[in-house]
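Chain IDs A, B, C and D follow the sequence of writing; residue 1 opens each chain.
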Amino acid sequence: MSGPRLSLTDMARRVARDIPSGAYVNLGIGMPTLVGDVVSPEKEIVYHSENGILGMGPAPAPGEGDPELINAGKQPVTLVPGGSFFHHTDSFMMMRGGHIDVTVLGAFQVSETGDLANWATDEVGYPPAVGGAMDLAVGAKRVLVLMTHTTKDGRPKILPACTFPLTAAAVVDRIYTELAVIDVTADGLVVREIVAGLERAELQERTGAQLRFADDVVELVPGAV
Amino acid sequence: MSGPRLSLTDMARRVARDIPSGAYVNLGIGMPTLVGDVVSPEKEIVYHSENGILGMGPAPAPGEGDPELINAGKQPVTLVPGGSFFHHTDSFMMMRGGHIDVTVLGAFQVSETGDLANWATDEVGYPPAVGGAMDLAVGAKRVLVLMTHTTKDGRPKILPACTFPLTAAAVVDRIYTELAVIDVTADGLVVREIVAGLERAELQERTGAQLRFADDVVELVPGAV
Amino acid sequence: MIDKRVGSLAEAVADIEDGATVLVGGFGNSGIPVELVHALLDQGTRDLVLVTNNAGSGDSDVAALLREHRVRKIICSYPRTTGSIWFEERYRAGEIELELVPQGTLSERMRAAGAGLGGFFTPAGADSLLAEGKEVRVINGRRHVFEEPLHGDVALIKARRADRWGNLVYSTAARNFGPTMATAAALTVVQVREFVGLGELDPECIVTPGIFVDRVVEVGV
Amino acid sequence: MIDKRVGSLAEAVADIEDGATVLVGGFGNSGIPVELVHALLDQGTRDLVLVTNNAGSGDSDVAALLREHRVRKIICSYPRTTGSIWFEERYRAGEIELELVPQGTLSERMRAAGAGLGGFFTPAGADSLLAEGKEVRVINGRRHVFEEPLHGDVALIKARRADRWGNLVYSTAARNFGPTMATAAALTVVQVREFVGLGELDPECIVTPGIFVDRVVEVGV
């Protein structure tokens, strides 16, 4: 797709700005993982991993580390001072019980009422898999979605209603794409920020649901987020 | 009450014989606590306390011990090697979840179908208290009741149906009194053992429910149990 | 920087409001956050709903709250213990509401709150008076009663050590309700014997991860 | 004397029967009781119902059971991972039944079994296809789905150390499903890196008390 857009790093940086210091954060697999790399080092963030880790640190040096100390994406990680280990059931208490302040999730689709579809498509014959997505979506205090604005073939992913199977209804608080930052509000979708150089009409065109624009829409400048 | 009867120590000894080596055991407050004192030292028994102890040992020497290391009866205890501490919710998982092999409980009344009444009487105006009795009664693999055969004023405590509020229905496996050892079976109450010198008719007279007698009723000799 | 340590007991309980549901740790005299409860008494809050296993004994802590007419309702499993004179007095006078809950159910209801569950079926108490007015369902041939989650506005608990993240370890049987209550309250306040540096607690042995803790205060005992 | 140690992997799994429901610990490649699963493979049991978070990867352990047609049904949250070739092959051929469960619900259902509960209501999945055919109830304004306890005939798990009572401690994130599965099975079999003497494990740090464990076997890794 042509036209102005944020890079992946810009998108991750934009999400990172919204994570307050002191937050307990669970980053979903894939694109959301990038957010951890660009959070300001001045913030003290406690990362949670569904497989029983609080205080997850960066990957160990190659060849070092504990092969069983992995994150939800099955990649090797470390533990920071103050971190702890616990079993799966306790880990999901944290997720479902409202103890995680912020989660950043990928998505196939988000509806204008904050419904989230991020676990299954309409692909037939392929075995389904759900993991911890549903527990996290219903339980985190704040659910941020980080995704491309449209599918690879240009179809909108922000829709009046999801067409893919739901992960959870009415859970998404904010959507971050390469084009905009959009809040899910009781009055529908509200654009807070838009990539510099993109017309509002064009953003609407690439979006399946009706957008409103905040009074003070901010411009996001690629490379300077 | 006159006539042949077992002493408290005899009764506790008789119960202790039925606790197999290796068992996880929870002893109720009061009379059942005595059982722990007379179990054969050749058996290795792991005592559980509802307040989060497995491997509870005897009371510490006077003036020693940890004031917060107490049993369910709020008395100071110790921990044996191999013992562990855990929180209340985990402790009641053990009790309710069928992990305790044997519990010995006191009772106000037991019915012929094994209903247990051991938490409330018909006393009016006195505040009720239940503690862990209900969880233990429904959850232990084997529920043994250790109690006097009748009330202080001679009324039967073994009845066709309990008149006091139930703790749990159909949970008691065996009843131990100063007069007899009685099994609760699908065919009703079956006397397995009777104190030496007591007529069967007299035992029946002191019992509110119908008794049957096993083919091989054993005599219990006071002082030689 | 995350720092959940507060400098005084008074500060730790300063914003607890009238009418709050307060979970108070302890079993008998083991694990009671005595100093925090006295700070709450001094703070003056009224109309409290207390959730605690026993209803106090003698004149201290929970009993003192009862004595000073601060408690509207108590949710517990075993209010009647040796020396529970203030509870008994308030109860007989009809001045306090009592919700009696089997001990395992009490703990499990708080866990359900902490775990974000909508309730559960338990066999404990299903055959008893305590199931009256509640949904009873036969599951696998056995009667079960439906029990709802029990949330606290505040939890007051006692632990042995804490770091600035609020990670906790406990001491022997004083652990009892603490770890569960910590998960079930909107605000969890902990008194500890001592603070330790971040990283000094073994990550394999932390019982309550700091995510469940809001404030820790050192009382030295 | 209580001694749950057994001398060989073969002995540890000898009496597992055809048709058994087997809980297998592990998340990704962390905490999988590889040696126990291979012993089960060698033992020859068929028609298994496996409960495990992932459906195996490559040719080892769970994947090997699938390859050798030992598994009738799998209950898990994330069967599709890199290298889950045997699962995918069996699934596409219609040779294996799949019950897909949200990960937290999977763990919580096993906990309910271990805790003697009759089931619970969870918001996770209540808005989704995975709630189809299940009871849905609105609690405090939110949809919840009723989930039943999930019992195992056998649990196969991995821990770091055990004593002869079966007390266990784990290693970092390999703990994952182990402590919960240990509570939920009629027979819990554990492979450990090393045995230690009774009393050598800190009673404050034991994660799985021996009451939940039936057999431990030392595998040295």
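Structural remarks
In the analysis below, a residue touches a chain if its C-beta (ideal position, glycine included) is under 8 Å from a C-beta of that chain, and two chains touch if they have at least 3 such contacts.
Keep in mind it's a predicted model, so treat the numbers as computed, not measured.
Of the two chain pairs considered here, B-C and A-C, the higher C-beta contact count falls to B-C.
One inter-chain figure worth recording: chain B and chain C are separated by 30 Å, centre to centre, where each centre is the mean of the chain's CA atoms. Chain D has its Cα centroid 35 Å from the Cα centroid of chain B. A straight line joining the Cα centres of chain A and chain B is 56 Å long. Looking at chain B, residues 79, 85-86, 92, 95-96, 138-139 sit in touch with two or more other chains. Shared contact sites, meaning residues of chain C that touch two or more other chains, fall at 108, 111, 115-117, 122-123, 170-172, 203-204, 207. Of all possible chain pairs, the ones that touch are A-C, A-D, B-C, B-D, C-D. Partner chain A is touched in their complex by these residues of chain C: 1-2, 111, 113-117, 163-165, 167, 183, 198-199, 201, 203-204, 206, 209-212.
Contacts from chain A toward chain D in the complex involve residues 49-53, 66-70, 74, 79, 85-89, 92, 95-96, 115, 119-120, 125-135, 138-139, 165-169. The residues of chain C lying in touch with chain B in their complex are 27-31, 77-82, 87-88, 91-92, 98, 100-105, 107-108, 110-111, 122-130, 143, 170-180, 207. By the touch criterion given at the top, residues 108, 112, 115-123, 137, 139-140, 142, 144, 169-172, 202, 204-205, 207 of chain D touch chain C in their complex. Remark: chain B residues 21-22, 24, 44, 46, 48, 54-55, 79, 81-86, 92-100, 138-139 touch chain D in the complex.
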